[in-house]
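In the two complexes that follow, chain A is the common piece, with chain B as its partner first and chain C second.
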Partner chain A sequence: MFTLSRIQFFLLLFVFQTGTVFLSFQSRLIDVSGTNSWVLFILAGLLHYLQLFLFEKFHKRFNPGPFVSHLYIVYWFFIIVSFLAYINYTIAIWLFPNTPQIVTMAFMVGVSLYANTRKPETLINLPVIILPMIPFFVLFLFMALPELVWTYLFPIDVTDYKSMLKGLFFVQATFIGVEMFLFLRKYVKADEKVNGKPLFIYQSIWFLFFFTGLIFVLLFFPLNGFKFVTEPLLYLLKFQKVTFVERLDLFFLFIWISWSIITISIYIFMCIHVRKTHYKSPSNRFIILFHVLIVITSTFLATKDRIEIIRQVSIYAHIVFSVFFPAVVILMNRRGKQ
Partner chain B sequence: MRKVVLALLAIPSIFLGGCWDESQYKDVTIVPVMGITTSGGQVKEFFSYPTFHNDTISYTQSEGSGISGRSAREDANHRTMEALDFTHLEVLLVSSEIAKNELHEQLDMFFRSPRNRITSYLAIVEGDMEQYFKPPGDLNTEVADFYPELLRTAVLYSYITENTMGESVKILLDDTIDLSLPYLTINDNGIPTIEGIALFSHGKYTGATLKKQEAVLAGVMKKQQGKYTRLSFHWKERDSPITIEIINTRRKMKISNDRISVNYVINFSVVEFPNNNLNSKNIRRETENFLSAEIKKDFDKIIKKTQENKSDIIGFGRTVHAFHQKMWNKGDWSETYSTLPIEVNVTMKMKRTSIYD
Partner chain C sequence: MVGKSPSMFFFLHKSVQWRRYFSREVKYMGSDNKPVISKKSLKQLFYNSMDFVIIDVEWPMGKGILCYYSSLADPTEANKQIDIIRQRALEKTNNWGKTAASDVKPYSEEELVKSVCSGQTVIIFEESQLMLTVSAPNTSGRTPSEPETEQVVRGPHDGFVESTQINLTLIRQKLHRKDLVVKSMEIGADTSTTMTYLYIDTIADKDVVKLFETKLEDVRDINILNTGEIEDYLEGSVYSPFPQLLYTERPDRVVFNLMEGKIALFADNSPSAMIAPVTFFSFFQSPDDFNGRVIIGSFFRLLRIISLVMAIFLPAFYIAVVSFHSEILPIELSKKVKLAINEIPYRPIFEAFILEVFIELIREASIRLPKPIGQTIGVVGGLIIGDAIVSAGLVSNLMVIVVALTAISSFVVPTAEMNMSIRILRFPFMIAAALFGFFGMAIGMMILTIHLLTLSSLKQPYFAPFIPLDTTRFMDIFLRSPYTKFHKQQKTFTFISKKKGRKS
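Entry: the complex of A and B
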């Protein structure tokens, strides 16, 4: 067992939520909601805060049994392999087109294998590595400032409810990982307050992080451009002409790879740890096999067609596992107590 | 022991990641200048690049043709010692024929590969593309060096706005603004020269251009100036030339009742005025009035020309699309723009007279 400080808890949650979709969510959202997407994201921010608030209020009642816990492990396995497939596809087209995907995959999962066969503290402190990278990323983004066109934010038509609803569905991608709040909350030291100001600060950081990314790409590309650009943030950096480096996008890509490796590692950690809460500690052989299975499955999924399908499915799966199951588990626990 | 063997096998394989993608300079030839044209229904490309042999640098040219830009490049590779590499492309010259039909299609190959540079300059050339790679006049330098420097200077001095390949494609995909690109011709001395800017409408070159000073003024209208923006006028009443340098420009647009009214306030300094007497306040005001009238006249001319060619290079469409949907939804913006009454007002404000009054 382990304990978490409040900062460790929020940092873990931040990596769970940002590591998976930060690079790609903008394109699909803007594609369906156009200029409405930034207004929609403000609405999504409120929903996200409400969800965190409810999670904090009822987290003590969230005690899933072995069956539900294993469903979550399957879901996280799906998130890991789909995310890993997407990263590898992106690395293959942006960075290493000739390197066999299994090698890059093995490299990324190898870090997780090492960390997951060590003490939990190793994993818990891993997200600290990304902290110094965030200012660099923000600095790179701000280089595009002179090229932003503010009129791209308009017109807004919130009466177009069809596109708003579709957008609200796609924006759920940014919520992926929020269910970790329920699983990790009980490990936060009892004397550390989470509710109120700390929760609001976390929500604000989450919101600003995603919103800044969305606003920058929205201001940078004309709407028609999003049909061609699937990773707008990377393309935005590729457009920058700087004297100190030929390809600014590669800088960001390496930052993002480190971010992704950490995200995968902590997702795998959660799979192993949640299993451990119901059964005895898995052997290293089991952990190795689990990692091998992840590499094989994600290598199989790393094609354009398959990624398209799993990205679509992952949002439905997320809604089930971050809204439906928590609600059912919490309600059943309440009835049980009564 | 088993663990050690495993580690010995695993660790080097991790470091191999990337070896597959290694690309060495000795295997490729960096191409800084490239030209695309069409010939006999095929795409024809010209390349100018430096080669290194026995520690000396020499410049070579080659060409290739094929059904597309990429296939023409592959064709050229059959005749070059090393494969042509475009990761450091500085200038892409496009023939006016291509610009009139399929500019976006020809740029596809540059955007599909992440290694390609999309911040290269893009320019339209008139006439035979081969002449631009083997100019009849003496350039005093190599083609591979000439065009990048020519365009860099043009951007610096606001002769053209900075339209890189990436910026151009963004505008081609934008319904609210039209593209303008540097327009090159071969002058009487056989030297490639920037004649002004080429006007586009619906992503295609209209065949119309803005001349040198008009191109600078169009940049001022767009508020996209280089480091130096200088304009010269002949002041008939005072029988004197006057050259000014624009410090900055403010633009305020008012759109109402199916008409656009734009007010420009331009701060400038005087860099040449042999008539002198700028120490007199009256002369300064008179100069401002003269320049306001002259520049308004030129701005009106530019608007008329762009309207005639349905080419909204200034980007009025951006504000209309964002805040005046009724006007935007009237139909095709280029058509609406071409008939829209646009009123321009210019107020010139002399901020500096330089070190000599």
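Entry: the complex of A and C
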């Protein structure tokens, strides 16, 4: 068992929410909502805050049984393999076109295996590594400032309900991982306040992080370009001209790979930990098998078509697991208490 | 038995302590097998060693046998002490044998061996089965001078020596506190090495002190001669490349660490103090940071952190760029790099290995050789052979620059143990970069960080303040904050009341 400080808790949540999608969500959102996407994201921000607020209010009633917990483990397994497949597909395109994907996959999952066979304190502090990377990411992004075209923000057409609803669906990708709030909240030290100002600060950081990324790519590329640009942030950095280095995006890939490995490690940690709350502590053999299964499954999924399909499905799965299941578990616990 | 030595009883009967000795003595002598103490048996006990001196002496209450190691004891000083004690015995002073430099104990072979081996002069009274131990050790040794590996520009220039007593004096002179606790423990069934440890009682974490004492207690029977050997028993992870205990030969460094609630350990005949618990960043602090001005101290601290990054990653980065990502270089530079490496028959990883091994050879050779020759080796190796290797086309000019920069960066780290760890660490990173470029470096960096997060020093987190995350202390890793600013008193890794003064 472990305890979390407020900062550790929010940092974990931040990595859960950002690690899997921050590179790719902009493209699909802008593709369906066009210039409306930034207005839509403000709306999504409000929804996200509301969801966090409700989670904080009812977190004590969220006590899933073994069956629901295992459903969550399956869901996280799905998120892990879909994300890994996407990372490896991207790495294969950008860095290692000739290297078999299972090799790069095995190395990334190998790091997670090493971390997950250590003590829990190592895992819960792992997101700290990201902290020094964030200033570099922001700096790289702001180098594109002179090339942004501010008129790309307009026109806005909020009366186009269809595209707005579609956009609202795709923006849900940035909410993935929010259910971790309910699972981790009980480990936060009793004397540390989460509600109110801390929650608002977290929400603001989450919002600013995604919103900045969205605005930058929206202002950098013309609208019709997003059909062809799947990782707009990477392309944005590739086009940067700085004197000391020719390809800024390769440095960014270095940051992104580290970020992704941490995200995978803590997702796997949650799978192992949630299982541990219902059954005895899993042996190292189980942890190794779990990692091997992840490598095999994600290698199978790492093609362009399959990735597209599982990314679509992951948003539906997210809605079920971050809205439907929490609501059911909380309501059932309430009835049980009555 | 008492009846057999009435004169002895006459001198001692008033003292409570002596009565205790006597009661013990009676128990000891209860059997008829009274140990025979003769010059011959004593010589045999010490294996007829040439430096074992044994002389008959006259004493007011009868004959005695004086013995000592001439290599350890100072006979002139011992004679002076013995004269004083003999005078006390003649004057029938209470506890005549108990002075600042002597003691009287019941005779036992074990106690005799221990006393003689620790440099004491012993007089054995066969009749009473007692022995008088006189502490007059040979004090030959070097005087405290600045340690060669930890030189500073400003601040005290004294250093520890091989005598623990002198080392304790150096610390007490700097730290006038009554709560500075000094304790010792004899370790080793055969070696009897005295381990002396000290901490400030009101600051040090009680649990950490207890854990430290338990760990020492666990190795009580193991023959240990210096702090280097005991390090393996105190460390949490022996196979880690990172030292989990800080070695220093500087009294001021020990004092500063004691003030932060840490424990210092000295071993007999070792000029190094071992400090625990420590963090990874403790190894990058130098007393110069605290003696210099705020901006200068901060600048050099920042420089050391940069040097750490360079020492580990620079050769790996170069290999990754040349082998995988040459497109990141600006075109002008890219052309020059290609021109430089085109003529080299080996892959960059082999180039780097040749030069790194070469640098390590020069370093090792210059340490082992006498100083003047060591410097010559540096010049011959670094300049002449280095130039010849480039001319022969075995390595490129750029690789020489990279490896030289890396070597200089690694020497910036102010502690020798961390310096060596960093030098070793760059090899796996070079291999990772040669296999997968930046991706390999990212994987390596993650494994390294996870390893650092897992490490502990006396069960205290090694990678503090990153774990447990304490954002208020982040800046102290990179900068030296002014003494005038209020800060929390560090109590190992938890904090108590606010105070002014030095901040780690």
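By definition in this document, the second predicted complex is superposed on the first by the 338 of 338 C-alpha atoms of A that agree within 3 Å, B and C clash if a C-alpha of one lies under 4 Å from a C-alpha of the other, contacts with A are read in each partner's own complex, and residues count from 1 in each chain.
Here is the rule we use: a residue touches a chain if its C-beta (ideal position, glycine included) is under 8 Å from a C-beta of that chain, and two chains touch if they have at least 3 such contacts.
Remember, it's a predicted structure, so these values are computed and weren't measured experimentally.
By the touch criterion stated above, A:I257 is placed in contact with chain C alone, chain B being left untouched.
When the two structures are aligned on the shared chain, A:E121 is found in touch with chain C, with no touch to chain B.
Of the two partner chains, chain C is the only one that A:S5 touches; chain B does not reach it. Contacts of A:P155 after superposition: chain B is touched, whereas chain C is not reached. Shared-chain residue A:F107: touches chain B and chain C both. In the superposed model, A:F77 makes contact with neither chain B nor chain C.
By the touch criterion defined above, A:E246 lies against chain B and chain C together after alignment on the C-alpha atoms of chain A. Of the two partner chains, chain B is the only one touched by A:P97; chain C is not.
Applying the stated touch rule to the two superposed structures, the overlap between the chain B and chain C interfaces on chain A comprises residues 95-96, 99, 104, 107, 110, 246-247.
Every residue of chain B that touches chain A in the complex is listed here, in rising order: 10, 13-14, 16-21, 87-88, 111, 114, 117-119, 164, 166-167, 170-171, 173-176, 318-319, 321-323, 325. Chain A meets chain B in the complex at residues 93-100, 103-104, 106-107, 110, 147, 149, 151-155, 221-222, 224-225, 228, 238-241, 246-247, 249. Listed in rising order, the residues of chain A touching chain C in the complex are 5, 7-8, 11, 91, 95-96, 99, 104, 107-108, 110-111, 114-115, 118-119, 121-122, 125-126, 128-129, 243-247, 250-251, 253-254, 257-258, 261-262.
Contacts from chain C toward chain A in the complex involve residues 324-325, 327-331, 334, 436-443, 445-447, 449-450, 453-454, 461, 466-469, 471.
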